[in-house]
Amino acid sequence: MKIIDKLAKIDRRIIYLILAVVVILPMIFPSVLRVRVMPPVEKLFHAVDNVPKEKALIIDFDYAPQTAPELEPMGFALLRHAFRKRTKVLILSLYVQMLGLAQNALTEVIEEFNSVAETNTDSIIYGRDYVFLGWVPPPIIPILGMGESITNVYQVDYYGNRTDTLPLMKEIKNYNNVGLLVSLSGSDPPEWWIAYAQNRFGLQVGAGVTAVSASKYFSYYQTGQFSGLMVGMKGAAEYEEMIEKELAIKSRRIASEALPPLTYAHLVIMVFIVIGNISFLMQRRKK
Amino acid sequence: MKRTFPLFLVLIFGIFALLPYIIPHPIIQNTDELLRNNLLKILSAFALVLGLGSLLKVHTDKIKRKRENWEYSWVLIMTFIITSIIGLFGGVSGTGILPTSIGSFPFDIQTIYFNVVVPLGSTMFAMLAFFMASAAYRAFRARSTEATLLLIAGFIVMLGVLPLGNRISPHLPSFAQWIMDVPNVAGQRGILFGVALGAVATSLKIILGIERSWLGGGGGK
Amino acid sequence: MSLSVDPWIWIGALFSLAIFSFLYKDNPFYRVAEHVFVGAANGYAVTFYWHNVLVPALFNPLFRQGQLLFIIPFVIGILYFTRFIPKIGWLLRIPIGIYIGYYVGASIPAYIQAFIIKQVQGTILTPQNFASWSAGSWGILWSVILFAGVLCTLSYFYFSKEHKGVLGATSRIGTIFIMIGFGAAFGYTVMARVSLLIGRLQFLLGDWLGIIR
């Protein structure tokens, strides 16, 4: 009984220490865990894969530093997928804080591709293969405005170039020339794309969301409003698995590396909950 | 006038926003585009003044009245001023009139963002893992049938989403996915209907001037 | 182990440790880091609002290209500053009224279509919905459960009548669905929070200390 009483009053800093150790050790001594791909991610993969050659894929990078660990691996995987398939890509952000992270993802992935490219055709060229549109506030402006004209909304791109002079933007005028939009976000933007862009212009929308907001987004996945859905780090790991399996893209799998510490952390938290409930039941019985 | 005119503006612009959904005529569509690109975009930039102004006012007041921890307000204000100067005069890419490197040490706005804002923001949210573990240990009690149900569903999902779940049983990940697809959607959709209907009702009340809390206090008629 | 030689990585790592120090107890390092974050994040926002919005969308057309019509948004935008002048503070309601009016007007048809009509279409018992599960005849059962679950959840939120009799039974079933939904949300939240911690540790152990790849 004394042990139960002690467990009930354990200092929270000991709990923090146990969690930290359980997460750090598998990172220092890594192991490989293969992930099983579930239907929502598979559907999104095929939706991206099937974007017609003459149409573009828009990726909305809406993750802040706070949600980057879950969503950044999704962004990397999507870009690798799109560039491998030579799909035209437009990148944008609905908020200012996300711009730097979007640029970081682009720079890294393009460097990966261009470092092994042998000809100009193989390379990923700005303005021809992709355009970083940047950011225009408030969010409702690009969401509604791109239905009429993308270059009217984004008159200059992130780097200050006039968008109507870029070769890619001469082919991609508005949502009619967009095959799919994937929104990577930790809050409401995927809902806004459905409510405004899909509702009014029939845009196909997919989403990569944080695990915290995942439970509400399954409602939109079930109705088909989302063409596919990635959830959290696990969803990112599944997408990484798919691009390696289907397209033989071998690159660092940041999300998959996180699965072992994630597993142990889940187990520890479950043990904490069980111990907490046992001590609660024992104390209730004592009374 | 002080309340009537803004309420009138809400009505007019609310109707302006609704019309393009109903009338596909180019005049309406083009006016809508003009409104968004040339008015709303600029207004949203000026709206930053409100947030920034409040923030700076709170902290300058704290310094003036020497309230608790007033010294940290200096840190905030100085960091804001320095970062703004570097950004405004150094430019977005560090190519402005202000030099943004000393030798090979850069201090342009993007570098500051990646090495100050990103680590600080990420770490603040990373701490939530610890708080959640502590809260789960201390507060998550199966006191009732509903709480037990919540706990069981949580455990199934926590195990099912990871590769470990597949090792325990190949049916566990599918079962966890089924929980997300069926009972979770049922519960969330009921809540979503309520939220959506409430949002539509509130939007109508705002446009029609019934809901006036956004006007704030005072200001007379 | 190979420590980073990049001073900025060290700055990022030290700031991260300063925030983590709050786990032990509140301290001046944490407070300084917290205030630096707010100041720097706002400075970053000001930079982009100026260079990417105000200059190309307002100041260039108005002052460089002489498009005088842009005086209208300029003047309306300036009204935001009346927040700090109590005598004419009511003028702030003008830009806010325009912004709110447009936003709520645009949201009405959007919300009705996307969050009500489409969701109802996904709930009702139709052959398309049965087939959407890709589960053969099990799809009919899942659709029935979903349909019943949504109705019961809605009955739980109906507070105009006491939850007795049939309404009491359906609202109790609704509670079960809500609890399962929240349990699933809790499970995912655990994954989310731990993922954020892992992300930070990947930086500290990898980029800073060089212990992991």
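Order of writing sets the labels: A, B and C. Residues in every chain begin at 1.
Going forward, contacts are C-beta pairs under 8 Å (C-beta built on N, C-alpha and C of every residue); 3 or more make two chains touch, one makes a residue touch a chain.
In this text, all values refer to a predicted model and were calculated from it rather than measured experimentally.
Arrangement of the chains shown, judged by which pairs touch: all-to-all, with no pair of chains left without contact. Between the interfaces A-B and B-C, more contacting C-beta pairs are found at B-C. With centres defined as mean CA coordinates, chain B is found 17 Å away from chain A. Here the spacing of chain B and chain C, counted between their Cα centres, is 5 Å.
Touching of two or more other chains is recorded for residues 16, 19, 23, 39, 66-69, 97, 136-138, 140, 144, 200, 214-215, 219, 222, 232, 234, 262, 265-266, 269 of chain A. Residue numbers of chain C whose C-beta contacts span two or more other chains: 23, 41, 44-45, 48-49, 52-53, 99, 102-103, 106-107, 109, 111, 115, 119, 122, 146, 181-182, 184-185, 188-191, 193-194, 196-197, 199-201. Multi-chain contact residues of chain B (touching two or more other chains): 21, 36-37, 40-41, 44-45, 113-114, 117-122, 124-125, 129-130, 132, 136, 151, 155, 158, 161, 180-181, 184-185, 188-189, 191-192. Of all the residues in chain B, the ones that touch chain A in their complex are 21, 29, 32-33, 36-37, 40-41, 44-45, 93, 110, 113-114, 117-122, 124-125, 129-130, 132-134, 136-138, 140-142, 151, 155, 158-159, 161-164, 166, 173, 177, 180-181, 184-185, 188-189, 191-192. Per the touch definition, chain B reaches chain C in the complex via residues 2-3, 5-7, 9-18, 21, 35-50, 52-53, 55, 57, 69, 72-73, 75-84, 86-88, 91-92, 105, 109, 111-130, 132, 136, 146-147, 149-158, 161, 176, 178-197, 199-200, 202-204, 206-207, 214-216, 218-220. By the touch criterion stated above, chain C contacts chain A in their complex at residues 23-24, 41, 44-45, 48-49, 52-53, 56, 99, 102-103, 106-107, 109-111, 113-115, 118-119, 121-122, 132, 134, 146, 181-182, 184-185, 188-202, 205, 211-213. Taken in their complex, chain C has these residues touching chain B: 7-9, 11-13, 15-16, 19-20, 22-23, 31-54, 57-58, 69-70, 72-74, 76-78, 80-81, 83-84, 89-90, 93-109, 111-112, 115-116, 119, 122-123, 133, 142, 145-146, 148-150, 152-154, 156-157, 174-191, 193-194, 196-197, 199-201, 203.
Contact residues of chain A toward chain C in the complex are 13, 16, 19, 23-24, 27-28, 30, 39, 66-70, 96-97, 99, 134-138, 140, 144, 155-156, 191, 194-196, 198-200, 210-212, 214-215, 219, 222-225, 231-234, 254, 257-258, 261-262, 265-266, 269.
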